[in-house]
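Listed after this line are the structures, all set down as structure tokens.
Both complexes below contain chain A, partnered by chain B and then by chain C.
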Partner chain A sequence: MALNWEVVWEYRAALADGLKLTLDLSAWSLVGSLALGTLVGCLGALPGYFTRRLVAAYVELLRNLPVVVKLFFLYFAVGLDAMAAGYLALITHQSAYVADVIASGFRSVPREQSEAALVLGHSRFQVFRHVLLPQVFRLVLPPLTNQFIEVVKNSAIVMLVGVQELTFQAQNIESETFRGFEAASVATACYVLIALAIAGGMALLQRRLRLA
Partner chain B sequence: MAEPIIAFAGVSKWFGKAQVLRDIDLAVEAGSVVVICGPSGSGKSTLLRCICGLEEAQAGSIRVMGRQLDAKALSDRAFRANIGMVFQRFSLYPHMKVLANLTLAPRKVRGLSPGAAEERARAMLARVGLSDKLEAWPSQLSGGQQQRVAIARALVMEPRIMLFDEPTSALDPEMIREVLDVMRDLARSGMTMAVVTHEMGFAREAADRVVFMDEGRIVEQADASAFFAQPASERARRFLDNILQH
Partner chain C sequence: MRDAGLSERHKAILWWAGLLATLAGVAWLCRDFRWPVVWQSAPFLLRGLGISWLLTLVSVGIGMVAGIALAAARLAAPPGLRHLAVGYVELLRAVPQLMVIFWVFFTWPAMTGQALSAWAAAIASLSMIAAAYLAEVVRAGLQSVPRVQVESGLVTGLSHGTIFLRVVLPQALRNMLPALVAHIVMMFKITSLVYVIGLIDFFRAIILVNNRDFAPYALYTTMAAGYFLCCYALSWLVRRLDPKYSLTT
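This part shows the complex of A and B:
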């Protein structure tokens, strides 16, 4: 079978639209899951049995539900529109993983550091701001890179509720022209490039921080 | 006689159902050095942590520097900063150089300018013999050096009381001496010190009083010379024998 890359060119507008939607979904879901996950993760680092249990329950529950189940629930049961359901499913799903990463980042800072700072007279906020946060931030960058890439990969599931993102467009080309290989190759290349961009950006950030 | 700088009266503390301090009476005179010893789990750390406010007792009264340690005193950060504490290990901030470790509290708690804070930091590093480590990262220091930096970091706040919780028990033998030397100097300078340690050589030399604890109680407290000549209690005697044999 001869390859026919012209098909891809013919469908460039559709593919570009799909890519734009994928980027849009990924970027906002990434920001959203980072914000929500950080918030929940910080709560989990607070002293107090109750908040710790609550955060553990949040993480367990949301991690054990497949992201598709969340999407269908939000779309069919709650009745959100497709994009809103997509954002929310991706954000809540990944926020559980992010929260876990952040909370274990806090746990890995020896307790003596916070205690020493408290005895020196620092407020709890100062301990958080000057002792914990800078260390946790550095610790969580590598695992967060994986989480961000996961968001991009997961974004493809929103095609199941009719959002015409990159994977949807690729499949559409296949069904209209039977040029599945070409279409899938282009989509794959896009996902790989996005993942590389994220990994590269995070590596750059890490290098910057190490020098600082 | 002046009021003791630390005074416990009938202090008890529980963790959940477990009682870890039982009816503690203790008086520490200003400028004196008290060494606290006893078997593992006897409540030594908890006792120290009650003095600096990391733990709160549930019964009895604790007075420090003439002030009742109630919720109001404990939330007074400037007051609490008059008490310094050195832990067994892991207490330096690894993401800051030595200088930043030393200047953070003076700047943020005492409100000193960066210049003034640095001046004090330099002076205290010189005092612990580490003037050349100002720009070092904690990870580049030996265990003994790290402990000396931790001492300097507490001293920068110009505390009136210094607490030490087994400051040498995580160290290799060859580094213990340098830390104890710094502590001995500090004791000679008239600092009030409460030291949990198993270094009986240090206790013999530097301590004015020795407190022996077991199962949350103070079993015995005496002048250091009397204690080392002959502990009054059988338990303290056995404890000393055990330690000295090692």
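This part shows the complex of A and C:
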């Protein structure tokens, strides 16, 4: 079949708007899930029995539900508007994974290190800040890279409640002009570039930290 | 929360009691939802749930075979083929699943002029996604088998094919079992997306019943509970198989 890339040029404004919305959704959901997930993950690393069980329950509940189910529940049953439901679904979904990454990061630092630091007279906060945090931060970077890419991928589902992000625009071009291949290629290329940018950025960060 | 010197057992009892009380409280809050709608449509909804499971298992089956081929290509094929395998895996893992479904259901027919049925499109797109993720699972499994095993096989005079199929693969499959089940959970969650191409899986079944009877609270709660129970059962199985396995991939 003959390709017609002019369609992409004609719809450049729509595609750019979609890309901007995708970046917007991804960026804020990424920040939100990182903040919420780190908070929950740190709680999960505390010694108390009940906090540990509560955090585990939070992770299990949110991780065993598809993002679309969360999105539709928030949009149709709770009645939030599309963008709010999208942000909340993306943030809560990924926060469970981030919390698990952070909590297992804390668990993988040998307990003896904190005990030794406590014995030497450091406060709990000092142990957390100077012994645990630097190690955990390095440990969690590779798994977090995957989680960040997941956020971008999951942001596509928000089109199902009518948010006009990148995948929505690609599908819209297909339904208006039957030029699905060209539109899908551009959208796919955008997603790949975003994933590469995240992976590259995180790799750079890892290299910088290893030198430090 | 500080534990006031309770024994592990007492704490566990207290935890489960609290959890049950919370669940009972939630159930009490939901008592006025229009549950009869759910009961009346139960056969239809269960059929949808069955289709979700069927799609999951078929796509994991096809994806596993393709994943083994991709992993073998990534580990042992000549450069051209190897780069192709790496490219496929990385591409499919970087692109939204909806985009993959979109490619298979809208773009492929437009290019070839042949329409795909919803079933074919759903199974094709889900299998493509499963293949990419399972290729990485298989690769980790294959790499977990010590190199010595291959060398011993070669010394004994076995061919490369025999060594791969009879020595390495069986051990690799056993090592990757927890990861495989974890990815079945992932695929089960992804099947909820094929409703966009019109297949009546659990997700679409709920939406259809809601369009007819409008009982969003009862129906969407049922949807969440259905997906949660299925995924949780599988996650539980993963932990039984390997308590140390991380479900966060």
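The rule is short, and it goes like this: the second predicted complex is superposed on the first by the 212 of 212 C-alpha atoms of A that agree within 3 Å, B and C clash if a C-alpha of one lies under 4 Å from a C-alpha of the other, contacts with A are read in each partner's own complex, and residues count from 1 in each chain.
In the analysis below, contacts are C-beta pairs under 8 Å (C-beta built on N, C-alpha and C of every residue); 3 or more make two chains touch, one makes a residue touch a chain.
The shown structure was predicted, so the numbers you read here are calculated from the model rather than taken from an experiment.
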### Task
Quick one: classify A:Ile173 as touching chain B (first), chain C (second), both or neither.
neither
- Please work out whether A:Gln113 is in contact with chain B alone, chain C alone, both, or neither, and reply first, second, both or neither. first
*Is A:Ser104 in contact with chain B, with chain C, with both, or with neither (first, second, both, neither)?*
second
- Query: In the superposed arrangement, which partner chain does A:Gly121 touch: chain B (first), chain C (second), both, or neither?
  - Reply: first
**Request:** May I ask you to decide whether A:Ala45 touches chain B, chain C, both, or neither, giving the answer as first, second, both or neither?
**Result:** neither
Mind working out whether A:His130 is in touch with chain B, chain C, both or neither, as first, second, both or neither? first
Comparing chain B and chain C in the superposed model, the one touching more of chain A is C
Going by the contact rule set out at the top, does A:Arg138 touch chain B (first), chain C (second), both, or neither? first
Q) Between chain B (first) and chain C (second), which does A:Leu61 come into contact with in this model arrangement: first, second, both, or neither? A) second
After superposition on chain A, the chain A residues reached by both chain B and chain C are none
The residues of chain A that touch chain B in their complex are 110, 112-113, 115-123, 126, 130-131, 134-135, 138
Per the touch rule, the chain B residues reaching chain A in their complex are 52-54, 77-78, 80-81, 83-85, 87-95, 104-105, 108-110, 150, 153-154, 157
So, in the complex, the side of chain A touching chain C is made of residues 1, 48-51, 53, 57, 60-61, 63-70, 72-73, 76-77, 97, 100-101, 104, 143, 146-147, 149, 152-157, 159-160, 167, 170-171, 174, 178, 180-181, 184, 187-188, 191-192, 195-196
Within the complex, chain A is touched by chain C residues 1-3, 8, 11, 14-15, 19, 91, 93-99, 102-103, 106-107, 110-111, 113, 185, 189-190, 192-193, 196, 203, 207, 210, 216-217, 220-221, 223-224, 227-228, 231-232, 235, 246-249
